[in-house]
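Below you'll find the structure, written out as structure tokens, and then a few comments.
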Amino acid sequence: MKEKECKTPYDIFRQRINIIIHGVNTPAGRLFDIILLFIILLSVVLVMLESVETLDIVYHRFFIISEWVITIFFSIEYILRIISTRKPLKYIFSFYGIIDLISILPMYLSFFIPSSKILTVVRALRLLRLFRILNLVQFSGQASQLKLAINASKTKIIVFIYFVFIISILLGAVMYVVESPESGFTSIPTSIYWCIVTLTTVGYGDIAPITPLGKVIASFIMILGYGIIAVPTGIVTAELASGSKSRKLLPGACPKCGTSDHRNTAEFCYKCGTTLEN
Amino acid sequence: MKEKECKTPYDIFRQRINIIIHGVNTPAGRLFDIILLFIILLSVVLVMLESVETLDIVYHRFFIISEWVITIFFSIEYILRIISTRKPLKYIFSFYGIIDLISILPMYLSFFIPSSKILTVVRALRLLRLFRILNLVQFSGQASQLKLAINASKTKIIVFIYFVFIISILLGAVMYVVESPESGFTSIPTSIYWCIVTLTTVGYGDIAPITPLGKVIASFIMILGYGIIAVPTGIVTAELASGSKSRKLLPGACPKCGTSDHRNTAEFCYKCGTTLEN
Amino acid sequence: MKEKECKTPYDIFRQRINIIIHGVNTPAGRLFDIILLFIILLSVVLVMLESVETLDIVYHRFFIISEWVITIFFSIEYILRIISTRKPLKYIFSFYGIIDLISILPMYLSFFIPSSKILTVVRALRLLRLFRILNLVQFSGQASQLKLAINASKTKIIVFIYFVFIISILLGAVMYVVESPESGFTSIPTSIYWCIVTLTTVGYGDIAPITPLGKVIASFIMILGYGIIAVPTGIVTAELASGSKSRKLLPGACPKCGTSDHRNTAEFCYKCGTTLEN
Amino acid sequence: MKEKECKTPYDIFRQRINIIIHGVNTPAGRLFDIILLFIILLSVVLVMLESVETLDIVYHRFFIISEWVITIFFSIEYILRIISTRKPLKYIFSFYGIIDLISILPMYLSFFIPSSKILTVVRALRLLRLFRILNLVQFSGQASQLKLAINASKTKIIVFIYFVFIISILLGAVMYVVESPESGFTSIPTSIYWCIVTLTTVGYGDIAPITPLGKVIASFIMILGYGIIAVPTGIVTAELASGSKSRKLLPGACPKCGTSDHRNTAEFCYKCGTTLEN
């Protein structure tokens, strides 16, 4: 009670910003989220279009101005986020904090570094803000169920990928020996690259065997790749099938970690802090 | 009883047409369906062949005449459908009503617009009548079971496709930075396009990495694409597997919505109006 | 008893051949099967090598002689099969009977028709004897379980393929409209072909979109194809998973049809006539 | 007790080496494993880089020296392994014993054979040591569960691959007949190769049909390949799904063979000798 009275105007300001930025259930918070989502998408589209040379020549001025507008918006957002949280350092060094910083830096760096290819590249770092959307759009339930199944089958998939790599190295070396450099198999790393291209059924065709023996081995690799795709699929499916039976979320359960014994008045999960929908 | 006596000749005519067009169990209705199916397929084949230049030069006259014959047939069918239904407006603005209209319009428009590329394009709209076949050929049971499973796993698949998009944007931007424009990575959108081509294991080969680092990243994208194909497969499979246990249709059940407590004499499902097979 | 005494030498000869050709459990029958298998494979390899021009020039004489030897062997086998069965006409007009005839005819036809491309093509019909191997090598148990699962999911897969076709026709027409003929989309059938190549993730690259809009639609088709591959996989898996529970073959069951209540002394399945392994 | 006293210094030396090489739980044994793992990976990378011509010209001397260092290390390891095991002959003729020998031989052979392409090829045999890593890194549990599922579905997958081969031979021959040699279908083996490339959805594009009928057949092959990929996937998934129910490893169970009734003090599985993790 007493603490509330002692609140300075700055505290009230901070609290209000906190509601806008972090709040999901207030109208102001929702509006902020939608605007942020829109601007991130806009900035992503801008970075993409800027890289198209024919467009950049015509609209260069427009791109520069809109980049500045977006950067200033993101800078203000970044500062407000630091102000509004109780532990600014924790935010600054968090995953999203670093992304937020990286996505505004390039434009300020352009003062010191003359416009060059390096800067264009650095600008593309702004695409990292796409991760923010993952956080904004709440894929509750479905996404977390998927995540659980993928997490559960992670070890098996890594084991599988490891085998794919060893097979690729061995068969790549065999193809290097069998095929002549004229058909594109100029070195063992290139042959391994070709082997991965073939095993995963991508098949660019920039490198393709021409000797009869090379074609026989290639056919073998293709059928192998066609057959072993069943393995990761089987792993995830078995996990999802067993998950859909046991892990069906109870009503009122946390969409992230599945904990369900919350108090009726709870607004956040007591285990992971996710906003409860119910 | 009394109503029947008051029927005007027009009413009787309307009713008869109704039986022919909408009836499935009468011989006349069945014959009409088969003829319609045949003409739609014929018109689809015609649109396809007309686009082959070498054929169009030789058989141009034949194509024009047969198009007019088909258009007139479809026009008569369209008018009869309007006449025969009790609520003509509902049909006109329904999905199939609009398709039926669009598929006959292009030929009438050719009076006003001189033959040009635009018209050829518009003619292709006639292909939309293929959807009619979906309605004609009754894929009862099997198709609806598939639909249920796909509907149930829709949300998860959308979440999955969203992740695929974000991964493609980020890795596409990385490849744009790594590879030089000489190898085809001329802009970020092009690189994203290449990334989708690679991730989905299509692999055209029109754009392919040439730098060693680009090949390493490409290999990573391929193995990723090869591995995550397991996710949509797992989702649909788990859904179908759980569905095949619980959703087995009872004998006499509606093939569309699965309702099974029909009266013995029922000919249509009381919930969705589908013709009952039993 | 009496009948046995009346047996003419011809009957005894016929019976002996019957044991050799159709018997699986006698040493003579097994030897015959192995020799037949070997000669079929040899003839398949010969047809394949004959088509390689560089080999045909050098070994033409050898190929012709070995073809005649094989044809004579197959002819004798064909005559013996007709003699040994009780109902020769049934064999002659059966699936394998027709294949056996077709595989020996081409060589005899070469007397009347001078050596030409048509004859080489007709010779390839000998490859149809590969089906014989399916009959020789007994894939009992595993193969029949597979067959059951595929048969059970056949209707669903046909429905699925039908949808793939309609999607390909519609999206192919769209791409024809969007892309210019310069990039390979010269007609609607060609565009449909490209669409199937893309949707099935084959991706030859002989035809590839070059306009931005075309690339966007292509990306959509790829992700669609990448996603809907889950459907046939899900169907077969769900069927196999439910099959592996209920259809586990009992010990002593017929490997082909699964009937299990055979007498202890039974050597053939009383339902389908397959040789019992136990 | 008595035996221990009789130990000669050589025995103690042998025992110590045994602990270092085969021990997993001692610090010395672990360090040895990590060093070995590192050197194998290093030698693999060296073999790969050596094959890149531009690198080999610049760093030829460095490659030769490091190869000698690695070969000497592997030679010492090989000798120590022979000394430390009780049955040297069993090790020498075991799978890993032969690989260990093959991977050191090439360098010693280079004394007698002048540096040539053959030797470079033989050097690549050193890649076989990658199999050692499989043995070093203990993929317990997950990998063995995968192995069990793959072993269980092996027969079915072989049957499936056999069908894929027959289909490829028949359809390859059909395409050879339909397409002209100008489009790349120069012989039946080449057409079969193309058919496998298409059926497995790899699609290089080095050979592609150009005639309308060829494209129709190719479309059919693609959709077939797109559909039947479901079969191996279904097999493995069904096996994994049924496995995940019954074969869940009990706590304290052997990660390799699943035996679980070990004594509390057991350090090795009494059935297969694997080190128990618990």
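A, B, C and D label the chains in the order they appear, each numbered from 1.
Here is the rule we go by: a residue touches a chain if its C-beta (ideal position, glycine included) is under 8 Å from a C-beta of that chain, and two chains touch if they have at least 3 such contacts.
Predicted, not measured: the structure shown is a model, and the values here were computed from it.
A rotation of 90 degrees, rounded to a multiple of 5, brings the CA atoms of chain B into register with those of chain C.
Greatest centre-to-centre distance from chain C is found for A, with centres as Cα means. Different-residue interface: chain A and chain D share under half of the residue numbers found at their contact. Computed centre separation for the pair chain A/chain D is 32 angstrom, with centres defined by C-alpha atoms.
Once the centre of each chain is set as its mean CA position, chain B and chain D turn out to be 46 Å apart.
Touching of two or more other chains is recorded for residues 160, 189, 192, 201-205, 225, 229, 233-235, 237, 239, 241 of chain B. The touching residues of chain D, when paired with chain C in their complex, are 155-156, 159-160, 162, 166, 169-170, 173, 176-177, 186-189, 192, 198, 201-205, 208, 212, 215, 218-219, 222-223, 225-227, 229-231, 233-235, 237-239, 241-242.
Residues of chain D that touch chain A in their complex: 44, 47-49, 51-53, 121, 124, 127-128, 130-131, 133-134, 139, 142-143, 145-146, 149-150, 157, 160-161, 164, 189-190, 192-193, 196-197, 199-206, 225, 229, 232-237, 239-241, 243-245. In the complex of the two chains, the chain B residues touching chain D come out as 201-205, 233, 237, 241.
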